[in-house]
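Each of the next two complexes has subunit A plus one other chain: subunit B in the first, subunit C in the second.
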Partner chain A sequence: MSIEKLKSAHKLLAEYKYELGKIEKGYTNRTLYINVGDNVIKEKPVTQLMKDKFIGGKGFGMYYLWHAVTPETKWNDPENEIVIASGPVGGITQYPGAGKSLVCSLSPLTGMPMDSNVGGYFGPLLKFSGFDALELQGKADKDIIIFIDGNKGTISIEEAPEEAIDSHILGEQLTEMYAENEEDKRNISVVSAGSAANHAYIGLLNFTFYDVRRKQIRLKQAGRGGIGTVFRNKNIKAVVVRFAGVKGNLNNAADQGKINKTGIKLHKEIHDFDAQQCRMRQVGTANIIEVMDQYDLLPTHNYKFGAHPDTYKISSKVFTGMITQNTPDGCWYGCSLSCAKAVDHFELKTGPYKGQKVIVDGPEYENAAGLGSNCGIFDPHAVLELNFYCDTYAVDTISYGTMTAFVMECYENGIINKEITGGLKLNFGNAEASLEMLHQMARGEGFGKLAGLGVRNLKKLFIEQYGADPVFLNDIGMEQKGLEFSEYMPKESLAQQGGYGLTNKGPQHDEAWLIFMDMVNNQLPTFEDKAEALHYFPMFRTWFGLNGLCKLPWNDIVPEGNKHSDEPAKIPEHVQNYVDIFNGVTGKNIDKAQLIVQSERVYNFQRIFNIRMGYGKRIHDAIPYRAMGPVTVEEYLSRAERYDGQLKELVGFNPEGKSTEEKMAALRAYREDQYQKLTDAVYKRRGWTMDGVPTVEHLQSIGMDLPEVIEVVKKHL
Partner chain B sequence: MKVLKRKSELCIACHACESACSNTWFKEDNAEKSCIKIKEGEKENVIISCTQCGECIDVCPVEAITRDKNGIVRINKSNCVGCFICVGFCPVLAMFMNDEYIEPFKCVACGQCAKQCPTNAIFIEQE
Partner chain C sequence: MIKLNNRDYEWEVGLTVQRLLDKKSFTYPKLIIKINNVLVPSEEYASTIIKDGDDVKVIHLLAGG
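Moving on to the complex of A and B:
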């Protein structure tokens, strides 16, 4: 159908005109509220309190979400919001990784506030259009599109019945529809989901940017926690922003020169060292696939093992050969780290787009590990095809990979069978079955539809309907708080077990990735050392989300001489860069310690938000034993020498003459105890009670003692 | 293709080229706004200016840098988003910026500097 025909089917439901604003020191000082249920569009002022306590980005998202919902609100209630925000630093073009949008909503998987960090142009273009954040509330009757024209100062809500749902088509259609001409396409960004988000709880949001060289849209994903599912539940097909006139100084920074200087310094560093360090420009995050395998950290067969003889088939070298090089692969202007890789002219072998040649945005490391090795799939074409379909159908590749790995282990153990799966032979390594399950998920049919509910719901279903052993399923189901684990094997790193478990939104590596510091370099020998790292790094990394920034340019490139600095793992020079660009934009004068306090406020606010929703306590920070140690005899025996050695040296248990089951029990008791001791130490360091509740004194000391926050905490102390 | 060529061993660091360049393009005598830079060294002075190699063309995210029909690498300032990747990625550090402007600037081999050079350390050559 032609674009004109699609457009002519639109019915205007509401239109709103606004004064174009001016950004001052990183803030427009205004946000946009849209209720798609009653078609209300209004502006809200950004208060000084919001800027002081919540900074921006996910801070604003959490603040608005808190005030939009009650403790009883469910993810699919109309009052649940999706908040999309950049941050004060967001939209600068000089420092790599400064175009991120932060998306917050109550998650269908966890029932708690979720936040997801995504590239693409939407956040910055929204800000240049005049808004620091966008709140979406309510539920539309029919599919709608929201269009924000940041040059004309108009916002419209349009009923849009005819466009595609899947993002790779919808993104193109809407870019074509709302751009005034070919040249204008770069000024459009589309937020959309996909057909699987109509059914699955693991639905994501795609954010587009227009690739001027490929002359096609590219997709970046707000993947975690099912926010795409909330979007489709509200019957929103897409949110489109248009802003022409991007320049490097639209933030009206307090000190543009400081930002320029800091950015150029990092560009030069990336130019000089990336090819020898992480090769982000060459292959993106996929550079670590074989490194993870070498260190026994690459999840294979549902995290049973950390390496596999076939990993070479999906190594970074293989993907380097498949990626179509297009040097400036940044997802926002000025990102010279350029990790947004793509495979062009990829011919699909299955599904509704079979035979078509498409762009695959990826592979990212998480996709190769989650869709690939964790499911025992070592076929690079299958990994890319799963990657493509997950993106366009709006399925989180991490949750999909971890869920599929879980289902495969259940299948191989006879917990589920062909009758239950509707004929899908879900053995490890069966790429065809995984693809068919994904297509079913998009069609809302069969076992694929069930699978889309995520590991937590599947465990319940298998226990209640198919008589599965709850202890075994809870041991091997790699979810916590309802969210699926991301793709690193944490068994041999206690600090990383904490990095996954002692988190706000569930087991992701957005807060802390401590495996090398802990397991490989042994820099965190004591509980106190681990607790310090599990305080500092989650707080430091939270700060990216407050400011519209990406984490990768912090430590996926390091300056010359970093290893001789006082704290190499922190990359002190880069921390100072962030202090400089924040001060450069906002005109404030923070230092690296105040940076951490900014994060602590929002981090604790989010923890208390979890508590307010009925979660967020110590019991919710427990992790499945598969994340800590060998659940099965097969796993124990595969690393018997390591485990026997540990029993002798660490546990004081002589393994000689003992059965494998006895040794496993001794190891389990030890490791579970270690996790509890770590939890104690981390809570203490974070200023929380031993039940994981932030204390009033701590909240006062960091300046997060807002009355509504104290009111929640007091009930739990 | 016209290129500004350098013979650093002839440079006496009089900086006349920098004055000529900044006067031509920015209407002021300010070495900070020159597309050619003279770095004074103990043994030899170094002349830094664009070789028209074009590596900046490939790193520009908005295709604001192109090669014109004469082979000169040029910046379209209206398309430039001021990211300065080209400044950090120039192999000879000859893409310049100044805090007064949000776009970078570079030598386009206009030859005004060469006319002022008393020792012929810089000269326009057809490649």
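Moving on to the complex of A and C:
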């Protein structure tokens, strides 16, 4: 159908005109509220309290979400919101990685506030259009599109019945529809979901940017926690922003020179060192696939093992040969790290787009590990096909990979069978079955529809309907708080078990990745050392999400002088860069300690938000034993020398003459006790009670003692 | 015996930094290596001999997501 025909089917539901704003020191000082249920569009002022306590980005998202919902609100209630925000530093073009949007909503998987970060142009273009954040509330009767024209100062809500749902088509249609000409396409960004988000709880949001060299849209994903599912439940087909006139000074920074100088320094490091350190510009985050395998950290067969003889078949070298080279693949202007890689002219072998040649955005490391090795799939073409369909259908590749690995293990153990799966032979390694399950998920049919409910719901279903052993399923089902684990093997690093378990949204590594510091470097020998790392790194990394920044330029490129620093893991020179660009944009004068306090306020607010929703306590920070140690004899025997040695040296248990089951039991008792002791130490360091509740004194000391926050915690102290 | 990241590790005659990295499969590219608290430049990994009793640190910088 032609774009004109698609457009002619639109019915205008609401239109709003606004005064174009001006950004002052990183803030427009105004946000946009849209209720798609009653078609209300209004502006809200950004208060000084919001800027002081919540900074921006995820901070604004959590703040608005808190005030939109009650403790009784469920993910599919109209009052649940999706909040999209950049941050005060977001949109600068001088420092790499400054185009992130942060998306917050109550999650269908966890029932708690979720945050997910994403590249693409939407957040910065929204800000340049005049808004620091966008709140979406309500539920439309029919599919709608929201269009924000940041040059004309107009916002419309339009009924849109004819456009595609899947993002790779919808993004193209809407870019073509709302751009004034070919040149204008770069000024469009589309937020959309996909057909699987109509049925699955693991739905994601795609954010586009227009790739002027390929003359096609690219897709970046706010993947975690099912926010795409919320989006489709609201009957939103897409949100489109248009802003022409991106320049390097639109933030009206307090000290543009400081930002320029800091950026030039990092660009030079990337130019000089990327090829040796990370190869982000060649293969993106997939550079670590074989590294993880070599350190026994690449999850294979549902996290049973950390390495596999066939990993070479999906190594970074293989994908380097498939990814188009020598293109500036930044997902925002000025990002010379350019990790947003793509495979062009990829011919699909299955599904509704079979035979078509498409762009595959990726593979990211997580996709290769989740869709590939963790499911025993070592076929690069299958990984890319799964990657493509997950994206366009709006399925979180991490949740999909971890969920599929779980059902494969259940299938191999006879917990489910072909009758239950509708004929899908879900053995490890069966790429064809994984792809068919994904297509079913998009169609809302068969076992694929069930699988889209995620690991927590599947465990319940298998126990209640098929008589599965609950102990075994809770051991091997790699979810916590309802969210599926991301793709690193944490068994041999207690600190990383905390990095997954002692988190706000669930087991996603964006709070802390401590495996090398802990397991390899042995830099965190005591519980207190681990707790310090599990305070500093989550707080530091939270800060990226307050400001619209990407984590990668912090430590995926390392300056020459870093080896001489006292704390090389922190990359102190880059920490100072962030202090400088924040001060440069906002005109404030924070130091590296105040940076951490900024994060601590929002981090504790989110923890208390979890408590307010009925979660967020110690019991919710428990992790499945598969994340801590060997659940099965097969796992123990595969690394028997390691485990026997630990029993002797750490546990004081002589493994000689003992059965494998006896040894496994002794190891399990030790490791579970270690996790409890770690939890004690981390709660203490974070200023929380032993039940995981932030104390009033701690909240006062960091300046997060807002009355509504204190009211919640007092009930739990 | 040497100390490798504060753990005991078997020493052998002629052990170089590069040989140690190979034996341990330390393939990660972003390393900081110190022997008795003295930094070893990467271009000297193959020629630097580790002596019995040395305190060797092979610090892997953070990776991941």
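Criterion: the second predicted complex is superposed on the first by the 716 of 717 C-alpha atoms of A that agree within 3 Å, B and C clash if a C-alpha of one lies under 4 Å from a C-alpha of the other, contacts with A are read in each partner's own complex, and residues count from 1 in each chain.
We adopt the following convention: contacts are C-beta pairs under 8 Å (C-beta built on N, C-alpha and C of every residue); 3 or more make two chains touch, one makes a residue touch a chain.
Given the structure is predicted, the values throughout are model-derived calculations rather than measurements.
Visitor: Consider subunit A as the common anchor and indicate whether subunit B and subunit C clash or fit when overlaid.
Guide: Taken together on subunit A, subunit C would fit alongside subunit B, as the superposition shows.
Visitor: Between subunit B and subunit C, whom does A:Lys648 touch in the aligned arrangement: first, second, both, or neither?
Guide: In the superposition, A:Lys648 touches no partner, neither subunit B nor subunit C.
Visitor: Identify the partner contact of A:Asn260: answer first if only subunit B is touched, second if only subunit C is, both if each is, neither if none is.
Guide: Touch partner of A:Asn260: subunit B, not subunit C.
Visitor: Return, as a multiple of 10 degrees, the angle whose vertex is the Cα centre of subunit A and whose sides reach the Cα centres of subunit B and subunit C.
Guide: With subunit A as the vertex, the angle is 70 degrees.
Visitor: For A:Tyr295, decide between first (touching subunit B), second (touching subunit C), both and neither.
Guide: Touch partner of A:Tyr295: subunit C, not subunit B.
Visitor: Thinking of the overlay built on chain A, is A:Gln277 touched by subunit B (first), by subunit C (second), by both, or by neither?
Guide: second
Visitor: On the A-aligned overlay, A:His564 touches which partner chain: subunit B = first, subunit C = second, or both, or neither?
Guide: second
Visitor: Could you figure out whether subunit B or subunit C reaches more residues of subunit A?
Guide: Higher number of touched subunit A residues: C.
Visitor: Figure out whether A:His67 sits in contact with subunit B (first) or subunit C (second), or with both, or with neither.
Guide: neither
Visitor: In the overlaid three-chain picture, which partner chain does A:Gly334 touch, first (subunit B) or second (subunit C), both, or neither?
Guide: A:Gly334 contacts subunit B only, not subunit C.
Visitor: After superposing the two complexes, find the smallest distance in angstrom between C-alpha atoms of subunit B and C-alpha atoms of subunit C.
Guide: Superposed model gives a least subunit B-subunit C C-alpha distance of 22 Å.
Visitor: Quick check on the complex: what are the subunit A residues that touch subunit B?
Guide: Residue list for subunit A touching subunit B: 93-94, 186, 212-213, 246-249, 256-257, 260, 263-271, 327-328, 330, 333-336.
Visitor: Of all residues in subunit A, which touch subunit C in the complex?
Guide: Listed in rising order, the residues are 276-278, 285, 288, 290-291, 294-295, 365-366, 486, 488, 509-510, 513-517, 520-523, 525, 551, 555-556, 558, 562-564, 568-569, 571.
Visitor: Okay, in this complex, where on subunit C does subunit A touch?
Guide: Checking each residue of subunit C against subunit A gives 5-7, 25-30, 32, 39, 57-65.
Visitor: State the interface residues of subunit B toward subunit A in the complex, per the touch definition above.
Guide: 58-63, 80-85, 87-89, 97, 99, 102-103
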